[in-house]
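Report on the following structure.
As written, the chains take the letters A, B and C, and residue 1 is the first residue of each chain.
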Amino acid sequence: MKTSRLFRNALITTLVIAAFVVSYNVTDADFGKLFRNLPNGQKLITDFLTPDVVTRDVETRTVSIAFPVPCDSAPAEADLPDNGPRLVPSVNCANPLEKFTLEGFDLEPDSEVVIRWKLPDERTMTAIRTNTDAEGYFTFEVEARPIIASANGVASRLEVDTLTPVGKFKPSPTLKEVLDAMFVTIFMALLSTTIATFIAAPLSFLAASNITRRGLIGSAVYYLMRFIFNVLRAYDPLSMALLFAFWLTFGPFPGAMALTVVTIASLGKLFSEAVENIDPGPVEALQATGASPIHVVRYGVLPQVVPDFISYIVYHWDINVRISTIIGFVGGGGIGYLLNLYINDFKWNQAGTAIWAIVIVVWAMDFLSAEVRKRLT
Amino acid sequence: MTNAAATRPPVTRSGVASALMPGLGQILLGQKYRGGGILIGFLIMLGTVAWYKDPAWYFSPAVIWLWNIFDAVSLAGGKARSILLPLAAGLLAAYGIGWQVVGIDFGKADLDRAAAILRPMANPDFIQTRREKNEMWVNIQVPCSSEPPLARREDAGRVAMVIPDCGTVGETLIVSASGMWPDTDTEVLWRTPIGDPKMVGEGESQMLVARSDESGVVTTAVRVPTTALVAAPDPTLAQFHRVYFYQYRPLGGIELSYVGGEVVKGALATVSMALLATGLAMLFAIPLSFLAAHNLMSGNPLTYAVYVIVRTLFNILRSIESLIIAIVFVVIVGLGPFAGMLALAVHSVAALGKLYSEVIEGIDQGPIEALRASGANWLQTVRYAVIPQIVPPFTAFTIYRWDINVRSATIIGFVGGGGIGFLLVELIRVNNMRGVSAAFIAIAVVVIVLDYFSAKLRERLV
Amino acid sequence: MLRIQNVSKTYPNGTQALKNVSFDVKDGEFLVVIGLSGSGKSTLLRCINRLIDPTEGQIFLDDVDITAAPPAKLRQIRRKIGMVFQQFNLVKRSSVMTNVLSGRLGYVNPWTSLIGLWSADEKKRAIEALGRVGIADKAGARADALSGGQQQRVGIARALMQEPNLILADEPVASLDPVLSHSILQYLEQLNKEGITVICSLHFLDLVHRYATRVVALKDGIKVFEGSAQEIDRARFKEIYGEEAQEVRAASV
């Protein structure tokens, strides 16, 4: 008795360890890589933590000098001023790939500086960004671009924009975009939960053993409904959304539909369990008064299950808000779609705004739904 | 008369108060919850309608506002009004706006397209009958050089040849192979020098199939495909293309198809990711959960600060779906199941940590007191009064989390986190609905089986 | 008014709850069914309004065969038979008023009642019924806010709404304090005096002595006694309840 139990425990332990070893290999786990590559994520996470929420109007001032590349292809800047906002390069012309130092004096202090090449045909190239100090001075090592940049004796110019924030802080366009998408997300969750409720509530009675499982047809319906609920519940709404987006093209509509389908199954199962757990006494009492079956359900079953139903609906609205935040990743619309766009464009600050919005809304929904459910029981 | 005189001032006052700020009149009459509810409901509706910018919907906050004045006035008279009307106005606007915002349009539900998607799904690409392959090929020069080599190849008693020995695009050639299996359908396929397959059947969109005779000889005419030179660096340069002959015959029995094999691998990776993530999360969540237990940490300001920080961290991480966390890890460690596993683990640490800490907060003080009273030391108390109370629920929650993680792991591949989700996205992208169907079936089987076993296990524990 | 002929009931799992039971009930009787737990009392009562279908035998109510009635006819029969339950069988989350009104479902318009609309007349009738059991003031309360004795009185009021000719009471006092038992049974006795026939199953023999006009005893599904309460002597008692039984008296008021 004792040894067999010991043997069994040893076997289970071995199996669990084996499962972890297999998993470790299958998932290509490499924690060394994780730690070596951690710096890769640094910029991403700092940007996430500094979301793009507010902006200020920016005043742009531009100074420029002629700068021939290569030398002698065009006349250089004739004479540089020695006061006022001005640019001073260490050389007055350069050959491609040569490096030289560009200094700026008496520009707007504490401003962002954008240095760029302006070609004779008005095209501009490669902005380098830096900042001026409190005296409006900056210095930067600039590489002459490896191109033939003069045309018809006109030199390309080095242009420097100073961007000075002016005026009050105001919500950034990102914030507005995120709020708009968030509204869509919340409505997606609201609508899919509501539609799912209207479909799941009647179906759940068909999947409740105490109501339906009578006779051959009843049993068949019961097992069929249970099977459908169990299979649909197995899918994450995102897998479902993948199919719906493929069918209905991108947008919140397929997202809401996918969410509805999975919620029907999920709510249907929970509802049917609530129906199965009712006190059979009142049902018996109503049958004894000569009430018809539909009245027995209306007066004997419904009052018993409605509070549970409401509690589950609120709970699912909460879950569905959470899921709608990511359903856009597979074409479902809402904030997930926006977040995916930001991420594909490497706009990490903007992505940070969306993520913080998600955190706040999900947190609030979680809190609210918990409060409502506490009241109901 | 005195009664009426006494009630008149509150009637006017509460009506005016509610007109200025919805719910204020009710609050002044002592109905705090009613007034607060009206105010919040009104503000939510006003905000929603203002955001939507369609003036028609302003009827909803307007109805709520008017009703609220009416309610305040009659409440002062001692009679509350039914909230059915404002509730209906609010819900109507909420669902109306929601319907338009979400763009619900069942007209878009093209049933023909649905049928075109679902029909191949009825026949999942998971297994195929096992078969043996007989492959033969021969080189052919396109376009012709001045001295084209002989387009003939011998291999294991088989001979394949093309007449003439070279060709130009659109030209018809005679291809033949002998020593093949007799009386067998033979697929004839063109491959360009970079290995691109080109079909040479009807309209170049169908496989050309010829049947070998009883002595194993296949002969058919082939037009050099019009797209044969699409990828050629210089179309005038003579290069070797190949004509392939494929024969298949059943071996009996069935085997996994290629997609089927990928689906099995994906399912295994999915389950493994979930298992490893849950294990890893458990290791971190157990110590952290003690820091997030209110009853242990509320003793002094320092520990309480730790409690608040850990709790907040848990709540933030719990709010971010593992799919989003996966994006960060994909950037750090690259595409693949490892990134997905790490994301699941981080999300699970927060979720498990919260559940564990609630278990710790809910333990029964009785046994602890009893053991203290019997003279047990701190370690003995923990061993015999605390651990027996927390181990079963911890295990149950961990298994439950594994269950959830398996479900999440099926989708984490959508952002490059590996597993079956990655395969699913790829299959949808190339419109392989038979493969998609196989992946969907695999997901259902894996999730339902694990769901069943985890429920059984948890039943035993509780 | 009620004739029970050779009724047997075998459950699908093979338990034989009733074996060939026959007896008559006359108008205005207070018939008490006694026996141990599991002796078939509840099954017998439920066979009368066919909450349970008997496997064999027939039951006639005023010469109408209940056992052969099709569903619509059965509902018409049921609405004239009130029933009171051991566990009260109230919808706990509904108000007392709704619980009482639901006794009227066999009579009222099926559509208006489906959306919860009741005529003023029905509401007045419900208040009256509650008044007869002395708890008219509780009409607005939720059923689970009431004490056990009050809940059983709601159960009686619900049965009264059916304007029954017959009340079946299945262990109406078994879940109550002994002190409350008498008050509940007195309401039933009062109704009996007003002309309603009562069939009641009971545990305590002293209650049987006090209220029954006639007694039927069941043991393992077989009728072992039929007669007046006074006829149950020590020997009969042992026969019904078994050798080891001791008579326990409910506290009297």
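Assume a contact is a pair of C-beta atoms (placed from the backbone, for glycine too) under 8 Å apart; a residue touches a chain by one contact, two chains touch by 3 or more.
Since the structure is predicted, the reported quantities are computational estimates derived from the model, not experimental observations.
Averaging the CA coordinates per chain and comparing them to the mean over all protein CA atoms picks out B as nearest. Inter-chain contacts peak for the pair A-B, counting C-beta pairs in contact. Here the spacing of chain A and chain B, counted between their Cα centres, is 14 Å. Remark: chain B and chain C have CA centroids separated by 57 Å (rounded to whole angstrom).
Note: centroid distance chain A to chain C, computed from Cα atoms, is 63 Å.
Per the touch definition, chain A reaches chain B in the complex via residues 19-20, 22-24, 26-30, 33-34, 37-38, 40-41, 44-45, 48, 179-180, 183-184, 187-188, 190-191, 194, 230-231, 234-236, 238-239, 242-243, 246-249, 251-253, 256, 322-323, 325-326, 329-330, 333, 339, 343, 355, 358-359, 362-363, 366. Looking at the complex, you find that chain C touches chain A at residues 49, 51, 74-83, 85, 87-94, 98, 102-106, 110, 113-114, 155, 158-159, 161-162, 168. Residues of chain A touching chain C in their complex: 279, 281-282, 284-292, 294-295, 298-300, 303-304, 306-307. Chain contact summary for the complex, chain B toward chain A: residues 48, 51-52, 94-95, 97-99, 101-105, 108-110, 113-114, 117, 268-269, 271-273, 275-276, 279, 315-316, 318-321, 323-324, 327-329, 331-333, 336-338, 340-342, 407-408, 410-411, 414-415, 418, 421, 424-425, 428, 436, 440, 443-444, 447-448, 451.
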